[in-house]
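After this come two complexes, each holding subunit A, first together with subunit B and then together with subunit C.
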Partner chain A sequence: MQRAALALRPMLLALVVASPVLIGVLYAALASVGVAGAGASGHVALDRVVDVLSTRSTWRAIGWSLYVSASATLLATLVAAAVAMRFGTIRRTDRAARVLATFPLPVPHLVAAATALMLFAQSGLLARVLFAVGLIDVPADMPALVYDRAGVGLILALTWKEIPFLAVVAFAVRHSEHDALSEAARTLGAQPAQLRRLITWPLLWRGMAPAVIAVFAFALGSYETAVLLAPVDPAPLAVLTMERFADPSLARRGDAYVLALVGLALAAVAVAAHEWARARWSA
Partner chain B sequence: MSRVVMNACMLSVLAVAGLAACGGDRGDATQLTTTDELAELSALPWDSVVTRARGTRVTWRMWRGDPAINAFIDGWVAEQLRERYEITLAAVEGQGAELVNQFVLEREAGRGRGTASLVWINGETFSQMRAESLLAGPWAGTLPNSRFVDSASPIIARDFEQDPAGFESPWGAVQFALIYDTVRTPEPPRTINELADWIRAHPGRFTHDQSFTGVTFLKLLMYARGGGVETFAGGFTEERYARGRSAVFGWLDSVRGNFWRGGETYPPDVAAMHRLFANAEIDFSMSNNQHDVLNKVRQGVLPPTARALLLRDGTIANAHYLGIPFNAPNAAGAMVVADFLLSPEAQLRKLDPDVWADGTVLDVSRLSAEWRGRFTALEQATVGIPGDSLRRYARPEVAPTYHERLQTDWRAWVRGEAR
Partner chain C sequence: MNSTRATHAARRGVWPTLALAALAVSSLLPLLVLLLQSVGVSWRWPLLLPEAYTTIAWRAIAGAALGAAALTSTLLALATAITSVLIALPVGRALATLRTPWRHVAAALVFLPVAAPPIALGAGLQVATLQLGLGGTFAAVWMAHCVPAIGYASLLFLGVFGARDAHDEEAARSLGASRAQVWRFVLLPTLRGPIGDALAICFLVSWAQVALTLVIGGGAVRALPIEVLALVRAGQDREAAVGALLLVVPAMLALSALRAGARRTTALPA
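Showing the complex of A and B:
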C-alpha cells in the first residue's frame, strides 16, 4: 500500500507540472470543436478540424516548418559539436573560444531575427558590401535571403541563436565524459581516431540528444523569428496559427486551436522518437 | 502556435484563480456591472463624474507600434491628466484581434472586473466586440466635449457603416495615401490605371503589405474598379462582393508578376514596407494616415523628399474610437480620459505634424473663434496635402465584412488556393 503511494508521488508531481499545459490542451480541444473561444457556436462540430486538415496551406506550412526547424537544428548541432570537439581542452585559447561560442545565448530571438533582416535583406549590410565591391548593381541583384521560399535567412537566424545553447550542453557532456572509458580504450591499444569514433562521438551525441530535441521543438513553434523572416507562401505553421488566431472573421479563429494542436502533436512525436531511441541505447 | 497555447494556459491560470476566489469572496455577484455603472454615471452631472475619477488609475489598451504616438500619450496626455484630474494613465499594448481574444478569455474565465478601462478600436474590432458583447455602454454621448464632434461627417458618425450607438467615442480621423519620393519618382501615377502602367514599366518596384494598410489598398481597388463606393455601401451582400472581388483580383493578376519579388511574397506590415521604401528596394509605400509621411520624415524613418499621394479614384478615410470594455474597473476615469481627448486642446495638439498628425474629429466651426483660428493656422502651416483635396477624394468605409473577406481571399490568392 505504502509502496503504491510512493510510486504515485512522482506521477502526481509530473501532473502538477504538466497541468497548465494539459488544461491549455483541453481548452484548445474545446475551441477546435467550437465549444469555447471567440465565435464559438457552443455545440460540438468537427467542421473546423476537417476544414483545416483539408487545406493545402496547412500541409505546406507543416512541411515547410519541419524543413526549416530540422535544417536549423541539424546545422546548430553540427557546429556546436564541432566547437566542443575542437576546443575541448583546458588550454586558455580553448577556454576563450568556448566562452565566445556562448555569447549569443542571452540575445532574444526577436533581436536575432531583426539582425538577420538588417544583414540579409536585399538592401541590407551584406548587399551594401557586395554593392561596394561591385558584385551587384541594384538591390534586386542580391539573392533573396529573407522572406524567401528556401527560408535561408530564417534557418541561419535560428541556427545562430541555437548554437550557444547546444554548445553549452556539448561542453558539459564532454566535460563529464568518462575519462576511465577513454583510458581503458587507450590501454587496450585504441588509436586517437578510433577513440573519437567509438567513444567520444557516441557519448556526445547521446548526451546532446535531449537538447537537440528541445531545440527542434522550439524552432518548430517559434513565432517571432518566423514572422519577421518567412515568406507569405508557404507560411510557417506558427505564423499560420497566429494568422488564424487573429482572423478578421471570428468564425475562423477556432482554426488556430486546431493548428496549435497540430504543432503540439509534431513536437510530441519528436519527443516520443527520442524516448524510443534512448530505450534502444539503454537496452 | 506557442502564443495560442500560452493564451489557453493563461485562461487555465485565470480559471484556477477564479475558483480560488469563489471560496472566500462572493462579492462579484452583487457588484455592479460596468454597464450599470456607466448608466449611473451618465445620469450624474459631469462634475460628479470628474470627482469620482480623481486620483484613480486608467489602464488603456492601445496600439503601441508608433513611437510618435507613444510619446504623445505617455508624455503630454499623461501629464495633463495627472495635473488636471490626478489620473494616472497607463497605456499598454493590445489591439484588434488580440484584444477581442483576450476579452473573450476574460469573459469565459468569469472574473468580475478586468484591468483595462479603455480600448482603442474601430471597424472590425468594434463590430466583433459588439457581437461578443464585450463593450459597455452607451456612454459616449454624455461627454461634455462630444458636442463639438463633427456629427455630420459620414466618416465620423459611422464606423465602417456601423452606428457607434454611444458604445465608442471618436478621437481621430485619417485618410489613406500612397507615399512616394519626389526625387526618385518626380511624375508619380495619379490614378489606379496609371499606377498599373507604372508598375509594368518598373518591375519589382511596387508592393503592398499583408496587414491592415494592405487590405485598405485592396478595398480602394475594389471601389475604383468595382463601380465606386456606392456599389458596396449599405451592408454586405455576396453578390456585390463577388463583383468587387473579381475587380480586385483581376487587377492584381494583371500586375502581380511586376510586383516586388514577382508578387511571391509581401512585407508583413507597414513598418517593413517603409523600410523597403527607405532603402530604395521599392518606390512606393503607403499609410492609413495621409500625414504619417511628415511624421516619419521628421523621425528620419523616411527620406526628406518623401511625400503623400492621393489617387484620384478616391482614397479611404475612417475614424478611430475609444471603447470601454464590459469589465472595465474604472468607468468614471475612462470617461474623463475620453472627454479630455476630445477637447480642442488635445485634438489640436494631436493634429500637429510635429506631434502625431492625427486628423481631428471636431467640427471646427462649432468651436470658439480663438480655437477655430488655431486650427486654421495649423492647417496652413502644414506642408501636407491641403484639406480640400483630402475631402474631395475621401471615400467612407463600407461594412467590415468586405475587409474581412478581402483579407481571407487575398491570403488564399497569394498561396494559390481556391477562393
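Showing the complex of A and C:
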C-alpha cells in the first residue's frame, strides 16, 4: 500500500511526459472516426478507418516501410557488431577505428539523405567513378539506387546514419563485458571460437537489443530520408501520412489521422519490445 | 616455417587495415562530397571533381535565407535544450525511485515521445498549438521540439539516478540541509557531466527536427533543416551542401561536448 503511494508521483510525472503522445493518439482516434478534426461529422462513423485500412496502397506503404527499416537496422547492427568485435582492444589502430566508426554520429538524417542523393543518383559520384573505370557509358546505364522500388539508396542512407549509434552501444557493451565469465569458460577448456559463440556474441546481442529496437523505430518514422530517396510508388508510411495531412481535400486530410494511428501503433509495439528487452537482458 | 608465420601475420595485417580503410571512406567521404559540392563550379557529368571552385555560396550565407534559418535553429535548439533539461532532471530523479515493474512501465511511457514517428506526433500536437492560438509560431515549434527532447533527457537522468548512490543526499538532509540546498550543494555539482550530456542531446534533437517543424511551423518557421530540405528538392546543390554542412558542424561540436562529458562520467567509450 505504502509502496503504491510512493509510486504514484513518479508515475504521474511519467504520464505527463507521455501525455502529448497520449493526447495525440486520442485526438487521432477521434478524428479517424469522424468526431473531431477536418471534415468531422460529429458522430462516430468507422467508414474512414475501414476505407483507409482496406486500401491496397496503405498496406503497401506499411509493408515497404517495415522492409526498409528492418533491412537498414539489420545491416547497421551487423556492421556495428563486427566493428566492435574486431576493434575492441586498446591498440592505436582500434582506437582510430572507434573514432572513425562513431564520427558521423551527430549527422542529421536529412544530411545523410541529401548526401546519399549526391552519391547514388544516376549522375552522382558513384556513377562517375563507374564511368571512369569503364563500367558505364551514360548516366542511364547506372542502376537506379534512388527513388527505386528496392529502396537501395534509402536503406544505405539509413544504415550509414545508424551505424555510429549502434557502434557506440556495441563498444560500451564490450567495454563492460564480464571478464570473469570468459575467464571461467577458458579455465574449463573453451576454445576461442566457443568463447565467441557462447559468451561474447550473446552478451553483445543482449546489450545491443534495446538500441537495435530503438533504431528500427527511428528508421520507420523518419520522414526526411524517405521523402528524398523513396519512390512515389510504393510511398513510405511517413510520406503518405504527410501527403494526406497537407491534402487540399478535407476528406482526404482526415485519412492522415488513421495513418498517424498506424504509425503510433507500430511505435508502441517497438516501445513495448524495447522495455521487454531492457527488463530481460539489461539488468 | 618462418615464411608461413610471415604469411599468417600478413593475412592478419591485411584485413584489419582494409576494414579500417573502409571505415575511413564510409565516415569521411560523404562529408568530403558535401564540401566539394559546396564550392564546386561546373561539376558536370562525368567529371570526378569540379572544374573550378568558388566560395560564393559560403560568402552569401549571412545575407541569404540560410543565415536567418541557422539563427532560428540555434535559438530553437538552445531554448529546447534548456527547457527540456530543467523539466527532465526532476522527472528522471523521481522515476529512479520506482521499483520494478513500475519502473519499466514508467520508462516505456517516457520512451513513447522518443519513439513516436515525428509526423504522427505532429499531427496530434498541431491541434493543441492551434487551440492555444500559437499555430505556425516559434513558440509552438519550441514546445513541440521539447516533447521528444524531454523524453530523451528523462531516460538519460533515469539511468544516471538509477545508478547513483543516494547516501550523500541522505547525509546532507540528516545534517539539516534544505531541499534547495541538497540540489545546490550535493546534486548539481556531481551531475555536471550528465547535465552537459543531456543539454547536448536535446540540442541535437531540436537541431535535426524536420517533420515536427514542418507540421507545427506550417512552413512559417524556417528552421535550417526546412531550408536545406527545400534547397535539395529544388536541385540547388551548392546551397544545399552549404546548408547541410551548417547542420553538421554545430552537431559535431555538441557531440564533442558530449564526449568531454562522457570522459568524466565514463558513460561512453573513448
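Note that the second predicted complex is superposed on the first by the 263 of 283 C-alpha atoms of A that agree within 3 Å, B and C clash if a C-alpha of one lies under 4 Å from a C-alpha of the other, contacts with A are read in each partner's own complex, and residues count from 1 in each chain.
Keep this in mind: a residue touches a chain if its C-beta (ideal position, glycine included) is under 8 Å from a C-beta of that chain, and two chains touch if they have at least 3 such contacts.
All values reported here derive from a predicted model rather than from experimental measurement.
Enquirer: On the superposed three-chain arrangement, identify whether subunit B or subunit C touches more subunit A residues.
Expert: In the superposed model, C touches more residues of subunit A.
Enquirer: Counting only touches as set out at the top, which of subunit B and subunit C does A:235 meet: first, second, both, neither?
Expert: A:235: touches subunit B, not subunit C.
Enquirer: Using the superposition on chain A described above, determine whether A:72 touches subunit B (first), subunit C (second), both, or neither.
Expert: neither
Enquirer: Who does A:175 touch here: subunit B (first), subunit C (second), both, or neither?
Expert: Only subunit C is touched by A:175; subunit B is not.
Enquirer: When the two structures are overlaid on chain A, which partner does A:131 contact: first (subunit B), second (subunit C), both, or neither?
Expert: In the superposition, A:131 touches subunit C alone.
Enquirer: Who does A:139 touch here: subunit B (first), subunit C (second), both, or neither?
Expert: In the superposed model, A:139 contacts both subunit B and subunit C.
Enquirer: Return first, second, both or neither, reflecting whether A:152 touches subunit B, subunit C, both chains, or no partner chain.
Expert: So A:152 meets neither subunit B nor subunit C here.
Enquirer: Could you tell me if A:270 is touching subunit B, subunit C, both of them or neither one (first, second, both, neither)?
Expert: second
Enquirer: Answer with first, second, both or neither: which of subunit B and subunit C does A:256 touch in the superposed model?
Expert: After superposing on A, A:256 lies in contact with both subunit B and subunit C.
Enquirer: Just to be sure I read the superposition right, which of the two partners does A:245 touch: subunit B = first, subunit C = second, or both, or neither?
Expert: both
Enquirer: On subunit A, which stretch or stretches are contacted by subunit B in one complex as well as by subunit C in the other?
Expert: In subunit A, positions 20-21, 23-25, 27-28, 36-37, 123, 139, 221, 223, 227-228, 237-238, 241-242, 245, 256-257, 259-260, 263-264 sit in both the subunit B and subunit C interfaces.
Enquirer: List the residues on subunit A that touch subunit B in their complex, please.
Expert: Residue positions touching the partner: 19-21, 23-25, 27-28, 31, 36-39, 55-57, 60, 121-123, 139-140, 144, 147-149, 221-223, 227-228, 231-235, 237-238, 241-243, 245-250, 252-253, 256-257, 259-260, 263-264.
Enquirer: Using the touch definition up top, name the residues of subunit C that touch subunit A in the complex.
Expert: 16, 19-20, 23-24, 26-28, 30-31, 33-34, 37, 45-48, 88, 90-91, 94-95, 97-102, 104-121, 123-125, 127-128, 147, 150-151, 154, 204, 207-208, 210-211, 214-215, 225, 228-229, 232-233, 237, 240-241, 244, 247-248, 251-252, 254-255, 267-270
Enquirer: Of all residues in subunit A, which touch subunit C in the complex?
Expert: 3, 6-7, 9-11, 13-18, 20-28, 36-37, 83, 86-87, 93, 95-98, 100-101, 103-119, 123, 125, 127-129, 131-132, 139, 160, 163, 168, 171-172, 175, 214, 217-218, 220-221, 223-224, 227-228, 237-238, 241-242, 245, 256-257, 259-261, 263-264, 266-268, 270-272, 274-275, 278-279
Enquirer: Going by the contact rule set out above, which residues of subunit B touch subunit A in the complex?
Expert: It is residues 1-9, 11-13, 15, 96-98, 100-101, 104, 108, 124, 128, 131-132, 204, 210, 261, 264-268, 275-276, 279-281, 400, 403-405, 407-408, 411-412, 414-417 of subunit B that touch subunit A.
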